[in-house]
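Note that chain A is present in both complexes that follow, paired respectively with chain B and with chain C.
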Partner chain A sequence: MSIALDQVTKRYQDQPVVNDVSIEVGEGEFFVLLGPSGSGKSTLLRAIAGLTGIDHGRISLHGRDVTHVRARDRGVGLVFQNYALFRHMTVADNIEFALRVRRMKAAERRARRKELLQLVALEGMDERLPGQLSGGQQQRVAVARALAHKPQVLLLDEPFGALDAKIREELRRTIRAVQRELGITTVLVTHDQEEAFALADTIGVMNHGRLLEVGNPNDLYTQPATRFVATFLGAANLLLARQSVDGIRFGATPLSAEGAEPLQGGREHEVVAVLRPEEVEVGTAREDLSSDFIARGAVEEIVFTGALERLRVRLLDEPSAAQLLGAGSASGDPLIEITRTQPQRRELPLLAGAQVALGARRLHVLPTPISSFLACAPTEAEAAEIAREPLLESLSTRMKTRVSLRAIDGLAGTPAPFAGVAAITAGSQASETVEWLMRHGAGEVLVLPKNAPSPARVFIHWTDEAVRRATLAVSASLLRHVSAEAVYLGIVPEGDATGRGTPMRKLLDARSEAQQSHGLEMRTELAIGETVTEITRNLSTGSSQMLVLGITDITQAGTAYRTLLAAQPGWPVLIVYRSKDWGPGRQAARSAPEIAA
Partner chain B sequence: MKNAGRREPNVIPGFGITLGFTTFFLCAIVLLPLSALVLKAAGMDFARFMDVITSPRAIASYKLSFGASMVAAGVNMVFGFAIAWSLVRYDFPGRKFVDAIIDMPFALPTAVSGIALTTVFAGNGWIGQYLEPLGIQVAYNWIGITVALTLIGMPFVVRTVQPALAEVQRDLEDAAETLGAGRFYVFRRIIVPTVLPALLTGFTLAFARAVGEYGSVIFIAGNMPMKTEITPLLIVIRLEEFDYAGAAALGCVMLAISFVMLLAINLLQVWGRKRMMVSR
Partner chain C sequence: MAGPSNAGEIAAELSTRPGHRSLGASLVRWLVIGVSLVFLGALLAAPLAAVFAMAIEKGWTAYFSSFADPDTRAAIRLTLLTAAIVVPVNTVFGITAAWCIAKFEFRGKSFLITMIDLPLAVSPVVSGLIYVLLFGLNGWFGAWLMENEISIVYALPGIVLATMFVTFPYVARELIPLMQQLGNDEEEAAITLGAGGWFTFFRVTLPKIRWGLVYGIILCNARAMGEFGAVSVVSGNIRGLTTTMPLHIEILYNEYNFVGAFAVASMLSLLAVVTLIIKTLVERSGYRRR
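The block that comes next holds the complex of A and B.
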């Protein structure tokens, strides 16, 4: 491996800005770190360069551990967004800077400089000052300067940010060509997905300090695993669908979709499906569609952009129609985004206001276990209050999902099945409510104390190995949307005679499964003692902590964890319940509701 | 050629008015008094003029005035840079307070600072009593004069270097570091050249101020003719003797020397700025 990052964490004022990131970049690979501003990507790049120290983890370059090596001894070349050229030096002096530092002979320096200037197509510019060059030329000089000392790794921090579109594209080609010619391992940081697609062999998407997904551009675009990647890499319509034995469906009609895990005897549940704007088929009537029908709608807006036409269509509220998650529009109802090519447009010219039928040529189901939230309280007004809780509000916004309301007065009767994660308030009643909700089909319940802040640390614990996978999946989904550290808490009863080997192995197993199956990097801690006491003690060690708890026995919520849920002021607790009956092989599916129990 | 002679409309209106004011104030406040000075000096015949300005006492005072000002401005360049550096680069408790204190010499009546310095550095003063046994006499000495001039000029250097340092992008240092440069190398080859124009400006201002300084120096100088007598003091002495022409002649010499030195520094700066291409 050319660059290997192992669980790299960087904190600023106790807030992790880079959170347990592990990356491996192969020899000669062009790796693009993509993410919105503030996602920690630039900090990570600076950490690789050695300009920023890290609080945890290891960095190695070409097999050499450089975690504690100074920047100037790491042998990397770094290119900055604002060029960072030495303005009082000529182009020649700028390029030769690294060689002068290394006391190279003048003749050799000159030869190397000529070579580099030719590489970046700036021959004859030697004696110019940076101020006399255009932005694009300055950045070429910066690239040449960064390559002068033959670094093993080239790092580029938003190198095209300050340039206009045309020059950007030209420089992009130059950099790609230079990188290919030299075969140098390269990491580029950008917030521009188009740039990432154009340059990358591999893209790593970051958000809130975490590395969410790594893959080649095509895979990430067509089969994203997370909501964030789906919506950040290109436009995406997110639809709530139901997954049942016969497949995915919005209303009554099942349709084909990729990525959906087959149900194994479980009851149907809610999933999130990604529909790319270019995969939406537009027809005048349902019968005209060659693909699966999803909804009917009215055209709200048509924007002509040259090669493509962008449509925004309001879905008509029909029971059989797809439910759109609020992507894009902050005000009012979400609109579905569609792009059509010119030939498609000619086939069916449309004007604003036209009624159309929409079909999905290709749907991709996200493997995310948290589809939506359902605020539950005795009355609808109280449920609305829960929905306004800062933590729930920020989670639903970040997950681009909705919070529905449900009145559950008296915990009586047989309610309609619960979809998504149920959210309730903490307190003395909480454990009964959790138990009741789970008996009636809720798989996850989020117990919220009043005004709980967004967590800085999330503890993860499960009572039985049978819920390990589900708990990890839910934890991973949660942690992708908050910038918190994940800590798996393993607890061994006091005086356990089986020795310390087994729990240690469990810890390591949990960590590697979290990493491999869920892309979740977590720390592990081992505590000895009584479970609830140990959890409470760990939660009390700092402010803004949260717990994800996996259980297999519904009554546990009401008994063992009663004190935990009733504690004042308390912590947010996300309880994941999977019945033990389904066994480890069937963890993907929800258990059947135990209404009879 | 319809538009011939018409200026492009400017964002800020009133070019005529502002230029008028500029010229008026330059004339009334700067040029007129200076011309009067030269005229007054021209009133005496050339032999006497030369006599006055080349008298040993006058020559000694020039040496002291310009020499001490040079040394003070030089000291300020070094320590002013250090102060500006710590204010820009580090965040420490009381930084705001230190930042505010820098401007004190601007606001203090110079006589006050002169008296204060004398009290501290005189043979029986707070610091003077410890320096005296070591054979270092500060007050009533050229060292004292330099100390006073340093105090007076310090804010000029700090205030001109501060914004320039703040503008040195961290990226430049980071870039140099990834290219293999050590800290001292970065300082010498990147930071100093980048802030050099500002440093020179600060030096110029501190020097100009020191040359003209009177109030603070006369208290600490001792004012012994040929030894610790600065030119401005000599001018005042001439005035008290009602030798207006003599005072004017000395004034003219100071004016001429200052002008030549400031011009030289300014030219140096223009040259430096051209090299830097500060305009982006």
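The block that comes next holds the complex of A and C.
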């Protein structure tokens, strides 16, 4: 491996900005770190260069551990967003700087400089000062300067940020060509997905300090595993669908979709489907569609953008229709985004207000266990209050999902099936509510104390190995949307006869499964003592902590964990319930590789 | 960049502004310029001219012979010596302080900035008195200094210390905003290219800040040569030994030796004018290079 990062963590004032990131970049690979601003991608790049120290983890370049090696001795080439050329030196002196440091002879320096200037197509500019060059030329000089000492690794920090579109594309081509010619391992940081697609062999998407997904551009675009990647790499319509033994369906219409995981224990549940704007088929009536019908709608808006036409269509509220997830919960009625090519537009010209039938040429189901939230309280008004809780609000916004309301007065009768994660308030009656919800089909319940802050640390614990996979999947999905660190809490009863070996192995198994199957990097901690006491003790060690708890026995929520849910002021607790009947034996029998949930 | 970037371009753009050529506008313009010129003439040009006029009142021979006086020569020598010690020391201190403040975050940073400003706020006489209180005969260290036969007050060390105290903000004050504005990128680039700390400082940082630095040194030098208040308190006015040029001028003036006083004054003024000319030249070439 050319660059290997192992569980790299960097904190600023106790907030992780880079959170347990592990990356391997192969020899000669062009790796693009993509993420919105503040996602920690630049910090990670500076850590590779040695300009920023890390709090945890290891960095190695070509098999050499450089975690504690000074930046000047790492031998990397770094290109800055604002070029950072030495303003008082000529182009020649800039490029020769690294060679001068290494006391290379003047003749050799000159030869190398010629070579580099030719490489970046700037011959004859030797005696210019940086101020006399255009932005694009300055960045070329910066690239040449960074390559002068033949570094093994080239790092580029948003190198095109300050340039206009045309020069950007030209420079992009130059950099790609230089990289290919030299075969140098390259890491580029950007927030521009188009840039990432154009340059990358491999893309790693970061958000909130975490590396969410790594893959080649095509796979990430067509088969994203997370909501964030689906919406950040290109536009995406997110639809709520139901998965049962018969497959995926919206309302009553069954569909064919890719990426759906096999059902767990035959229980019907809610899933999130990704529909790219260009994969939506538009027809005048349902019968005209050649693909699976998803809904009927009215055209709200038509925007002409040259090669493509952009439509925004309001879905009609019909029982058979798909349900669209908006960006926020209360932002009103979301519209479905559609792009059509010019030939498609000519075939069926549309005006605003037209009634259309929509079909999905290609649907991709996200393997996420948290599809939506359902705020449950005795009255609708109280439920609305839960939906306004800051933690729930920020979670649903970040997950681009919605919060529905449900009145569950008196915990009596047989309620309609629950979809998504149920959310209730913490307090003395919380444990009964959890028990009741789970008896009536809820798989995950989020117990929220009033005004709980966004967690900085999430503890993960499960009572039985049968629920390990589900708990890890839910935790991973949650942790992709909050910048918290994950800690698996293994608890051994005092005086356990089995000794320390078994729990240690369980701990390591849990960690490797979290990493491999769910892309979740977590720390592990082993505690000895009584379960609830140990969990409470750990939760009390700091402010803004949270717990994800996996259980297999519904009554546990009402008995053993009662004190945990009733504690004041309390912590947010997300309880994951899976019946033991869907036990590990059946899970192990499943052949499909489990991708990150 | 859109819009004009320097004074000349701004003026050129203003002159094309609609309504610019109206009578009222030009009246206001001439009024403002006139007031400024009258003020400058009355407060600066006239006194300066008077200094030179008085100095050569009795002819050039008298003017030059006043520099032959050994006490005058000693005063000039002392002034130059003081400046030669103070300016380099304050330059090093200024660069160090500005570096700390611009590049690092630490506790007490704002306290340090305030402390650097202190000499500008305190009256120079007080600055001088501090040293008398510390090192004078009845001061804190007076007895000990006496025993070891070290003289600070009423001697060169006292003068140097007082001058240093008064002039130490100039270089630091000039460099702090400059370094904050220029940022750290070039240094970081140098480090990733394999340069060490000293190499980076001399090849990257120093050239980057050189114009600000030269400007700060010139201001520091001007003040070091011209300082009166603080030096007057610690010098003890021992003729030919502890009188700097400003002090010597006062002594000559009090002895009614007007030609001598104004001759030394004219020399001090000339030094100041030369300093200002250098400053202007530096500023100009600084702009051109940027």
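As a working rule, the second predicted complex is superposed on the first by the 577 of 597 C-alpha atoms of A that agree within 3 Å, B and C clash if a C-alpha of one lies under 4 Å from a C-alpha of the other, contacts with A are read in each partner's own complex, and residues count from 1 in each chain.
Definition applied: a contact is a pair of C-beta atoms (placed from the backbone, for glycine too) under 8 Å apart; a residue touches a chain by one contact, two chains touch by 3 or more.
A quick note: this is a predicted structure, and the numbers were derived from the prediction, not measured.
Enquirer: Do chain B and chain C fit side by side on chain A in the superposed arrangement, or is it a clash?
Expert: After superposition on chain A, which the two structures share, chain B runs into chain C.
Enquirer: Does the superposition put A:Phe197 against chain B (first), chain C (second), both, or neither?
Expert: neither
Enquirer: So, A:Gln132: does it touch chain B (first), chain C (second), both, or neither?
Expert: first
Enquirer: After superposition on the shared chain, which partner residues are touched by A:Arg145: those of chain B (first), chain C (second), both, or neither?
Expert: In the superposed model, A:Arg145 contacts both chain B and chain C.
Enquirer: Following superposition on chain A, which residues of chain A contact chain B and also contact chain C?
Expert: 49-51, 71-74, 76-78, 80, 82, 84, 86-88, 97-98, 101-102, 131, 145-146, 148-149
Enquirer: Touching residues of chain A toward chain C in the complex: what are they?
Expert: Touch list, chain A to chain C: 49-51, 71-78, 80, 82, 84-89, 97-98, 101-102, 131, 145-146, 148-149.
Enquirer: Within the complex, which stretch of chain A touches chain B?
Expert: These residues of chain A touch chain B: 46, 49-51, 70-74, 76-78, 80, 82, 84, 86-88, 97-98, 101-102, 129-132, 142, 145-146, 148-149.
Enquirer: For a test of understanding, state which residues of chain C touch chain A in their complex under the given definition.
Expert: Interface residues on chain C, with respect to chain A: 185-186, 188-196, 199, 203-204, 207-208, 210, 289-290.
Enquirer: Can you check the complex and tell me which residues of chain B touch chain A?
Expert: Residues 169, 171-172, 174-182, 185, 189-190, 193-194, 275-280 of chain B touch chain A in their complex.
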